[in-house]
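As written, the chain order gives the labels A, B, C and D, with residue 1 at the start of each chain.
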């Protein structure tokens, strides 16, 4: 048996894993980052038990390749998702950890 | 050696293959389809030699699952991409073929 | 603060969300399903705190399109992942729920 | 109207675009690269008009993150696809161009 809080944590993990692996690889630039952020937020918001999603792509990492654009990578993303499940609420975050050089996901 | 038109056709194929496999699986509903269409158009527009991209998600296929949303599938997408390469122009389309029950990609 | 079990549940969610959204849309047939199952298992096994991953694609859903193959969809996948985090162990499953007609993820 | 060779070039582009955007982001290590290469080859081989697909992941780029694995990126992939369409044959390649620092796709 699992507590509502454990299940909420599980659901939060699903959303961050989904967000990451659905959108990593998408072409993106400073001009299109806003549109992509909104589309990611809105799509993940549809999933079960989501109260809110916010996504921010780090513009300083969008310097562009030889054709003038970048590809979305995990390190560029700062995302937060709030889950509500049977009275339990959890908030989980994806953000780049420069010390580990890794896009960490954690419960807040 | 390849002609500019052959290369333009190749580039058009890349864009449709990319569009399809990047975004299929994305949660989508009638409320979020417009945002997703714009984000797909804008992201694929960044790729080399693209003159225009238009994407339309078939709302009639967005009836929703038990949680009230759908997942983007190839059959839902109508996309057109125009490529210009060294004077050659091609236009390629992804659209559902109901007879074949398959999301066909073809040069127009 | 979160308990090790809550964090393990979170990590389990990440893995199922990742697995689903990375691989949905992949072309697959009865002949290639085994290769794809192994590749999914091995890739997700690399992620943090994973003890085991098993993936099974439902062959009965691989009847094939006009070109003789299918695309991996969530409903075809039965996956189980075991997570160990600071003494806590959780097991999470993705499996099609025919009553809900939805690929459910849950903690076991 | 398009020639068989133009259509073959288009189909080759589809396959490289699909391969790239389906699998970029997949966790991978030196131990699992072989399994992933085979799964990619087999899945893309199912698509229409494909005669052969070969995929090679550059092991020298798999040095690993803080958790000991990498994520598949376009720069790591060397892929070749052969298409046959109504008597026309084309071969297309995805490979990292170190001068451009870009994963180039081209017809050969």
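Before moving on, here are some points about what is shown:
Note that a contact is a pair of C-beta atoms (placed from the backbone, for glycine too) under 8 Å apart; a residue touches a chain by one contact, two chains touch by 3 or more.
Nothing here was measured: the structure is a model prediction, and the numbers come from that model.
Chain pair with the larger contact count among A-B and B-D is B-D, by C-beta pairs in contact.
Repeated interface, listed pairs C-D, B-D or A-D, reference A-C: B-D, with more than half of the contact pairs matching by residue number.
Separation between the centroids of chain B and chain C, computed from CA atoms only, is 27 Å.
Rounded to whole angstrom, the centroid-to-centroid distance between chain A and chain B, based on C-alpha atoms, equals 24 Å.
If each chain is reduced to the centroid of its CA atoms, chain B and chain D end up 19 Å from each other. For chain C, residues touching at least two other chains, in rising order: 18, 20-22, 25, 67.
Viewed as a network of touching protein chains, the structure reduces to a complete graph with every chain in contact with every other. Across the complex, chain C is touched by residues 18, 22-23, 25-29, 31-32, 35-36, 38-40, 42-48, 67-69 of chain D.
By the touch rule above, chain B contacts chain D in their complex via residues 2-3, 5-7, 9-22, 90, 92, 105, 107.
Chain A contributes residues 20-21, 24-25, 65-67, 71, 73-74, 100-102 to its touches with chain D in the complex.
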